[in-house]
Structures are given as C-alpha cells and as structure tokens.
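First up is the structure itself, then whatever we jot down about it.
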Amino acid sequence: MTIATMHPEAGPVTAAEHEKWLRVYRKMLTIRLFEEHVNDLYTRALMPGLAHLYSGEEAVAVGICEALRIDDYITSTHRGHGHCLAKGASPDRMFAELLGKEAGYCRGKGGSMHIADPATGNLGANAIVGGSVGIATGAAFSAKNRATDRVAVCFFGEGALGQGSLYEVMNLAQLWKLPVIYVCENNQYNEYTHYRETTAGTILGRAAAFGVETALVDGQDVRAVHEVASRLVKRARARGGPAFLQCDTYRYGGHHVGDINREYYRSKQEEYLWKTERDPIRILANFLLDRGYADAASLDRITSEVRTTIEAAVKFAIDAPYPDVDEVEQDVYA
Amino acid sequence: MTIATMHPEAGPVTAAEHEKWLRVYRKMLTIRLFEEHVNDLYTRALMPGLAHLYSGEEAVAVGICEALRIDDYITSTHRGHGHCLAKGASPDRMFAELLGKEAGYCRGKGGSMHIADPATGNLGANAIVGGSVGIATGAAFSAKNRATDRVAVCFFGEGALGQGSLYEVMNLAQLWKLPVIYVCENNQYNEYTHYRETTAGTILGRAAAFGVETALVDGQDVRAVHEVASRLVKRARARGGPAFLQCDTYRYGGHHVGDINREYYRSKQEEYLWKTERDPIRILANFLLDRGYADAASLDRITSEVRTTIEAAVKFAIDAPYPDVDEVEQDVYA
Amino acid sequence: MPERELTFAQAVREALAEEMRRDSGVFILGEDVAEAGTPFKVLSGLVEEFGSQRVVDTPISEAGFTGVAVGAAMTGMRPVVDIMFGDFITLTMDQMVNQAAKVHYMSGGHWKVPMVMRTTLGATRRSAAQHSQSLQAWFSHVPGLKVVLPSTPYDAKGLLKSAIRDDNPVVFFEDKMMYKLKGPVPEEEYTIPLGVADIKRAGDDITLIATSSMVQVALGAANLLLKEGISAEVVDPRTTWPLDEKTLIDSAQKTSRVIVLDEGYGRYGVTSELAAVVAEGAFYDLDAPVKRMGAMHVPIPFSPPLEDVTVPTEETVFEVARKMCGK
Amino acid sequence: MPERELTFAQAVREALAEEMRRDSGVFILGEDVAEAGTPFKVLSGLVEEFGSQRVVDTPISEAGFTGVAVGAAMTGMRPVVDIMFGDFITLTMDQMVNQAAKVHYMSGGHWKVPMVMRTTLGATRRSAAQHSQSLQAWFSHVPGLKVVLPSTPYDAKGLLKSAIRDDNPVVFFEDKMMYKLKGPVPEEEYTIPLGVADIKRAGDDITLIATSSMVQVALGAANLLLKEGISAEVVDPRTTWPLDEKTLIDSAQKTSRVIVLDEGYGRYGVTSELAAVVAEGAFYDLDAPVKRMGAMHVPIPFSPPLEDVTVPTEETVFEVARKMCGK
C-alpha cells in the first residue's frame, strides 16, 4: 500500500504541465457548474425525477480521467455526471439526457443514472450499487485478451463495499492480472448512513486480501489523485495487474437533489468545513496562483467561459425535442 | 491471526480428557465407516443420486463440534455427512435420508445434501456453495438478540471463498459482533480445480480485512482443531465477536462418489501421501496409544462396535419404507 | 364518527408497529431503515419507538442481510427485510428461492422460515430501467413463497399483519407511487387472510382483474366505463400466491368478459397466469378472449413521454374494455 | 450414406467448436469448463483445441464472472458463460436482468451485449430441490433477453450457433437428462433462427406444445395416443422469446385441443404464457380449455417415488390427452 496525500517537490515547469493543470481546472469547474445547473433545473421543476450531484468530488473523476486515454474504459455510478464529463462527454448532450430528450447520450432513455458513450469509452453509469464492477472487469479482460493496452477504471462509492460481487471480481482480476483499477470514492456516506456504521475492518485491506495493489489518496487534491492514478494506470497498461485506489472525499449536497434536511445524519458544521477548507477547486486554484500558472483574472476568464458553455448547454437541452413516442419499442434488441 | 498446528505440552491426565479423546476417536471412526458404506451403497446401486464423501476431513467436523453444545447451531455443505454426525445425528436416520426413506431426517425429501435436524441444532446441509453463510450469520444474530449464549458455526469449503455473499455477511457479523465462526475447510480442491487457481491473495486476509479474528490450523490434527475451536467458541459465547478458522485438510476420494478417474487434476502420489502420513484417525490413534489412553485391543473393540452400529444403520435404512407418494405435496408451506 | 383515513405508507408503518409491539421477535432489517426511515419515509419513527436493535440499518448487502433474515427466522425470530427497490430483488434470488422457499420442505417440515420481505414495484417515477420494475412474477413462480400485492391502505395494513404472522417466507410488494394514497383504516385491530381476493367494485358487464397499482387504474377505468353505460367489476386477487381462483373465475363467469391487469411485464408474467386460470376456469362462459394488459415489453425508459406509454392507464384500459363490450 | 448421429452433448460441443474456430472473439467462461470439461463432460476437448485463454476456468463466482462476460461482450468479445446448474442462475439475476438485458436500451442503442449463458434444467436426476429446477420462465419475462430451449441434438447445434452470433444476451437452457440423447446432425454447417417454432410431429386431433425435455415426453405420448387412434401434433416453440405465436396458434386452430408442456413450474411459468397466447389466439376454435402440464408446485423432493410424480411423463400426458379427446 502507498499513501499519496503529498506531492514530491515540483520539478521545473514545463509548458505541458502548465497546460494540463489549466485543463484540469477547467474540467473541474465544468463539473461544478454543470451540477449547479442540474440542481437549478430540479428546483425549477424542469428536470424529470432526481439526480445525485458530484459537487465536492470533482478532483477524483478529473484527476483519474486525466490519466486515461480516450479509448480507455470507465464505468460509473448513480452519481455519475462527474465521471462522464471528465471522460469527455459534452455538457449539452448530458443535459439533454437529463431532460429525457432525443439529443441526449441515450436518446433520453437512460437519464441521469445511465449515461453511456462509446466514443469516450464510457460503458455507462449504473443505478445498481456495485452493478458495474463486473462490467469494468470484463472490459479489462477484453482489453487484455484482444491484445490491446487499454485500461478500465471502475468508479464506485464506498457503499459498494457492501456488495459481494466486488470481492468476486477483484479475485478474478488478480488471478488473471487484468488491467482494471477499482476506484473507491469514499465520500463518507452511504445515502443517509455514515460509512463507519456499514464498514467493518479497513477498506484497503479488502483489496489487499486478494493481492490487489492498493493506494489511498486525498480525493480533494487533484494533483495527488492524478499522480497516483497515473502510476496505477501505467502499471496496469504494462500488464502489472489490477489496483484499488481509495479516494477520500465528500459530497457537498444531499444524497440526491431532494435530500435537503440532512442534519439528522450529518452536521452543517461538517459540511461547512469541507466546503471551505477542503474544496478541490479552490485547492487547485491556489496551486495555479502560487505557481504563477494563472492569475486571478485568467481564472475568472475560465469561469466565465465555462459558465457560458454550460448555460448554452442547458438552453440546448431545454429547446431540444423529446424522442418520438414510437421510439419506446426501439433498441430493446440489437 | 494465530497459527495452531502444535499443542502445548499436555498437562496431567484427567479422566474427562481421557474420555473425551476416546469419544472423539469413536466419532471420527463413525464418520469414516459411515462414508465407506455410503460408497458401498452407491457402487451397489442402492443409493439414488450421488454423494460427496467427507473421508479424510473427519478431524475438522469432530474437533469443532466437540467444542459446541447441542443447542449451538451449525450449517453444513454438500459434503455434509461428517458435520451432521459430529453434531449428533444418528447414522440410521442419516442412511435412511440418503436412500430417500421416510425415516430419514427429512422424511426422504432432502437427501444427502440437505440433512437438517433441529434436535441437534443442525440448520441444514446446503447444496449451494456458500448458500448457508447468511443462515449461520442469521442464527448468530438471533442467538445474540434473543439474549442466549448460543454460537453458530458455518462450515464451508474453500470454494465458497469465490462467493461474494461470504464477504457481505462477514462484514455484518463483525459490525454486529455476532457469535458466528466461519470454518473454511480447505481441502485444496474446488471440484476438479486446485484452489490456487481460483484463489488470489490469501485466505485469512479475506476475513482479517473485515476485522474478523482469524486462525489457521492443521485440519488433520483433531486436538489442534479442537483447541483453537474451543478458544474461538468461548470468545464468541462471551460476545467477543465472530471468527474465521481455516482448516487445511484433504478429501481422500473424488469430488463425489462417481469421480473415479482423478489423475487429470491430482496425482495418486498426492492422495497416497495424505492417506498414509496425514490420516486424522491414525494421528489420534497414535496419540491415544502414546498416552496410554488406549491400547491396540481397545481401539479394535471401538472399531468393531462402530462397525456393528453402522451396519445395523444401513440395514435399518434399506429395510425402511419410502414415504407415501401423497407426501409430495406436504410441507411446502408450514 | 368519521372513518379514520391513513396513507398507504402510514398503514404499512402502523402494521409494523403493532406487530412489533405484539411480538418481540419481529424486527426490521434493511438499508437506511432506522433514522432515515427509508428514502420513502415509510418507516419514520419506528427506530425511535423500538430502538436500533429492532430497526437495524445494514450495509448495501441485499444478498447478505436477506440470508441473515433466513437464519434468524429459522431460529425463533420474525424478520421483516426491507429491499428498497423491487429491482434489487435480483440480488436476493438465491437466498429467497434456493434457501427461504425450500428450507421447510427440504427439511421434511422440521425448520420454518417465518420472514417477510417488503419491497416495491411500479414505474412512472422517472427512475428509469433499474428502478422501475415490477418483478412479482418471479417470486409467484416459486413454491414455498407467498406473494402479496396490496392495493389500498386498508389492505396493506391487514395483509402485512398476516404476512408477519405467517410461518412462511412472504414477499410483500408495495407500489411506490401509492405511498401517499389515502384510504379508510379502522382504529381497531384487524387482519386480512392471505389467499382471499376482494371485489373492489361490483359490476355485471366486464371483469377487470387487477393487482396493486393497477387496481386504482381499473377503478378509474370503471368510472369512465360507467359513463358509457358499462358496468365493470373490479377484482383484486390481493395475493398472487396463494391465489383465490374461485373468486376470479366466478366473476368471469358472471360477466363473460375479462381484462387482467398487472404492472409487471405481461410476457411470462402475472397476467399470463391469471389469464390462463380464467380462460380455463370460465372457458364455457367467456364471450371474448381474456385480454392481458401489463407493462410494455421494454426496459422502462427514462424520458417522460416514453415512460408514460409503457404502463396501462385509466384511458387505455377504458378503451380496451369499451371495445370488448362492443361499444 | 447413413445420416450422422450425435448426442446432445456432442452437438453442443460441436457448435461451440465451430463458432470458436470461426470467430476468435468467442470464448467460454465457467467453473471446471477446461480440463474437466464440466461435470457433464459437455465441453471435453475444447481446452485442448483452444487453450486456457479461450476456455477459462473460474472460481465459484457466478455473479462475478457473469458480470465479466457482460463487460467483455460490450467491448468486442462474444462470451459463452457456463452456469453448471440452472438453479444457480439465482446468483446471476442482477447481472443478467439489470445489466445485460438493459444495456442496449438504456444506452439508446449504443452499446451491445452479445453474450450467451448456457445452463441446465430438469429434474428426475435424484439431485433434490437445489439442483433440479427449470427456471426459464424468469428470463423469458425480461425484455432484452432471448431464451432458447433446444429439444434435440439437431436443434441444440443450430440454435446455439445462432445464439452465439446474436448481438443480444441469449440464455440457452439444456436439459441435463438429455445430454446422452442421440439424433441426426448433418456434417454440413447450418444454423436455426431464433424465434421459429418447429412441428416435431404433425397430427390432427390434438396439439401438444412442448419445450425442451417435454418434447420427448410429448413425442412418447403421441405414440401412445396413436394406438388409441388419436393423432397428436407436437409443436416445439424452440425459443420462448422471441416466441413464434403464429405456429402455435395455427396448430391450435387446426386441432382445437391443446396441452402445453414445460418442465418448469406451471404457476406463473412458461405454460401460463403459452396457454394464454393460445387461448387468446385460437379462442374461437378451441373445443376445450387449454390444459397446462408442468412441474408440480413443490420444491423437487429427493426421494425417488416422490420425485417421479413431480414432472409430466408420457403416461400422464397420454391420459390427459386421451380424456381431452373424449376417449
């Protein structure tokens, strides 16, 4: 096990590095503003159903996907917007999907919890907790057996540690040395229950028991996440076998957009501390400013560019048509 | 973790000790001779279907059940005759069940893989690999919540390590500090595949990850098994929580009575060595002789008594009637 | 004194509370059942009365805690397991079908498994394909299980109390869109036996046999039909197993025309069985083939205009019934 | 030249071998599938030809490796998963139903899941309640899946080849008592499309619609009936989904009398659907109610005299048919 919460001292600044962290910043901000608009669509009763927001956890998805190629695979969860955007989905078709429109990634059939996109290697968000651990492992099996060097990343919340199939597939992945990385987003809560009430022993021990390489990282620090993810991805690509990465993080909002009164399971004080002291976007901004990669004005410019994109995307989605009712019986079978 | 393959030097001989090891010897021999007759019934085409013999593993069931009270619970497996006999079932009704007779423990409805008996706390053999891990854990939950001091023992083969539900219930047992002991009978093979081909990492690590107390014992040495089992049972009874005990052992015969040609998956040499050098009954006999608890004549006498009992039991079963055909629709609902 | 009204959720909660007071062996096991009272808030307040030893929050381990319930039931307790969405019963099939349903029989009648699994069914909540299924057909197929599909607060309470007292594993499906439905529930204690259908509305021209969510749809359709001068009888089997065939067949024989409604998929579903039972039992009395209406044979789509056409509605039932009656 | 005969097991193996030679993406995943060739020896020899990269032994992790198959299928391979006993599909329901069946639809048609699950059905093997079920009704209920029930070596080979080439998840049930059944299988390549019923024997007086193991029972019963002067038509749907309703209904309309046979439980089972389809489609032609025959509604008992009465036999089918024909 390695614990990666700190960075080695930075080497000399390269243009590529500079560009990378600005790109990462823009991505994280895109997710944050995307989610703000999701919440807004919900409160304005423009979005059917519910959605599970990723705000607060952006460094995990972005730090990891930045270490992936577009043809690498990911599987995502009910809290999937961040993963999908980080892997390359565009906000307009994402919003369209959330509103059930034909222009959505799934032609409106999937909705928030099922966004999938072959073009970016996104095997799909999944509304069954732990439901995609087999799929990600199978994609890695396929990557290896078709002699490609692709890698699969399986995102899941710490709640999925309760699902036995996770242990079944970690065993398979290790036996077969598959290029899969299990990313446990430990945002501390399974819905309305603190994870310590549902999780005996240790998280990493559960992967280590199968001989799977493990690592723990501060999930609010995108550079730390990226660094360890890069190492594990490289290792997997080189046929070094599977890994399990625990990212400690926090969801700012409720379990879903409708979960407003949360004080019976967590304090406002706790939320406040995470938002003010551990915000992943602010942490990266400080780094960018410290290093001189950006100044306040350039960060503002990025924010307003992202805001423009997101607002246009929302408008695109609202204006887009629903699928034709006849489509309901299409695509049941290939 | 504790590794218990050796005994502390024996203290002064007590009458109770003396009696205990003779009782244990008789039980192990009962299982051995029972199974010989099962095989015989099969080869004489007197037994419907198949059976999975326990010969070679007797020290595990007997060493553990000797540490239990009659009102403690066990769950068993497809290879369950040894567990059932060790917990107190009588050979005549066992044979009757194997032949599908009304006098059997399940009125003939269960057969070899489903023997159950409330009188001895036997919650049932189970033909689903890993199928009883929840049941045993639930019995422990019940024992604790009804404020009894009963303990539940869950027997399973190392093949059940492949089933995710085992990890789900170990988590529950540890969270709730349940008096359940998971006994992994590592007889080296999942059917026709060596367990190393199906088991990544370590066995004990898989329980330790959940904070469950673990122990490893030589499953051919009934005294070692009994000693560690006694400790874990005592701990569980005193609300110390669950434990996981790995017993390394070997099945002498095929996966089931019909598995005759085994050389494609294991060598005759390997079988020979286990049978001659690691036989649990012989190991105990040597101890009894060494200590002067028995002499050759008294062991012979036990053998012939057990043989008489078993032969009478077989005869009882063969002579017993089948259930009335009308019974087929009885006991679907309570 | 006006009749007391409760919501469906309140009726379920009251049944649980009463049975938990009556029998200390009854306890609840599931995800977020305690302080959260489930996402549907059906169990709110129970942990405050009965404590966290009897309203037990679990990890997200449906297979595991269902198995624990089986073992607890065998050894003297009466677990009520909560499976948040009916779609997740997929994870419990081994424990329910290979274990719970068979233990009594396999043990020659020696062990019993008095447990209840409460779960949900129903679409049109914009929850998409993995949170909208109505999978009651699977459990109805399995000997050893009983399956309950309440359609009113009154039935929910009375049937749940019977389910908890039953010595067999019982699966209790609640329509999640119905939790806020209000209806009369008397203050005095009562139970409703499993296996007795209920004529929710008497009529002469056509029989609408409907389960769970579809009962309200059938009653709505019956109102529309009345305006066309068609008198529809609405029969609610209330339990798919045991099944009160006689009441279904009697009604079919009386009206000669039958529509069977269930929110599960029609194919190889509950409607298949009910239609087959009626077609056989009322063979010589039927004027037209039994018509089945269930969920369209597609994964439930998210998009509202698509989702809305996947399940029978008052209007679609009305149209089919009207045609069957030649109007 | 005499027609070549193969056993059912050989036909299955030959289909797999041919498809594995044709398409390097096809591979086998399951417990003891390699050197052991499964406990039924159906796969013997395949690992020798294709190697352990393509005939892959797994731990006892049905849920896990079924999930792996879904992911592998989505990303360019064609897995054939082996589930030793049909009873163990309980453990795979989430992966098959919530994942495999829905991925194509939920993704708006973007991802495909071309996988096959081979498993077994059938009782009378003295294997008791957890190794004797015939659970095809469950999968038949689920949109997005196809379900195949071959009844002869010829059908097994041709249908399995089609299943492997199909771009959807297909569940393929093999009757374990039929593995040694011999029948003609031509040397030349052929496939049989999914969704086309087969008239296994033509007749005029009564239709026996039968699946899998029950086809042989129906054929045997037809022989007995002939001696009584009754000409029975035996129709094998071959796939429960897609379902060739037309062939079933046409036969029913011709003979006016129908028995539906399937080894699964009759209640909420395959026979319910087939009976409902026929009762509706041939409503005006039937002389008697459609009669359903399936497994008795009990967990399968171990004791031979009990087990033997739980499934339809040539004699019991003969008796029912004879009575229906008024003889």
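Note that the chains take the letters A, B, C and D in the order they are written out, and that residue 1 is the start of every chain.
What we mean here is this: a contact is a pair of C-beta atoms (placed from the backbone, for glycine too) under 8 Å apart; a residue touches a chain by one contact, two chains touch by 3 or more.
Note that the structure is predicted; figures quoted are calculated from it, not measured.
Distance between Cα centroids is largest for the pairing of chain C with B.
Contact tally for B-D versus B-C: the pair with more C-beta pairs in contact is B-C.
Computed centre separation for the pair chain B/chain D is 37 angstrom, with centres defined by C-alpha atoms. Look at where the CA atoms of chain A average out and do the same for chain B: the two points lie 47 Å apart. Centre-to-centre spacing of chain C and chain D amounts to 30 Å, using the average Cα coordinate of each chain. Measuring from the averaged C-alpha position of chain B to that of chain C gives a distance of 41 Å. Within chain B, the positions touching two or more other chains are listed as 106-110, 114, 126, 128, 131, 161-165, 168, 171, 175, 197-199, 332. Counting partners per residue, chain C has 58-59, 61, 63-64, 87-88, 91, 94, 98, 105-106, 128-130, 143-144, 297-299, 301 as the residues that reach two or more other chains.
Chain B meets chain C in the complex at residues 73, 75, 104-110, 114, 116-118, 123-124, 126, 128, 131-143, 145-146, 152, 164-165, 168-169, 171-172, 175, 330-334. Of all the residues in chain C, the ones that touch chain B in their complex are 25, 27, 53, 58-59, 61, 63-77, 79, 94-95, 98-99, 103-114, 143-144, 146, 167-168.
Residue ranges on chain A touching chain B, taken from their complex, read 161-168, 170-171, 174-175, 197-202, 205-206, 208-212.
Residues of chain B that touch chain D in their complex: 48-50, 100-101, 106-114, 126-131, 159-164, 190-193, 197-199, 264-265, 322-323, 325, 327-329, 332. The touching residues of chain C, counted against chain A in their complex, run 31-32, 35-36, 39, 57-61, 63-64, 87-88, 91, 125-131, 296-299, 301-306, 309-310.
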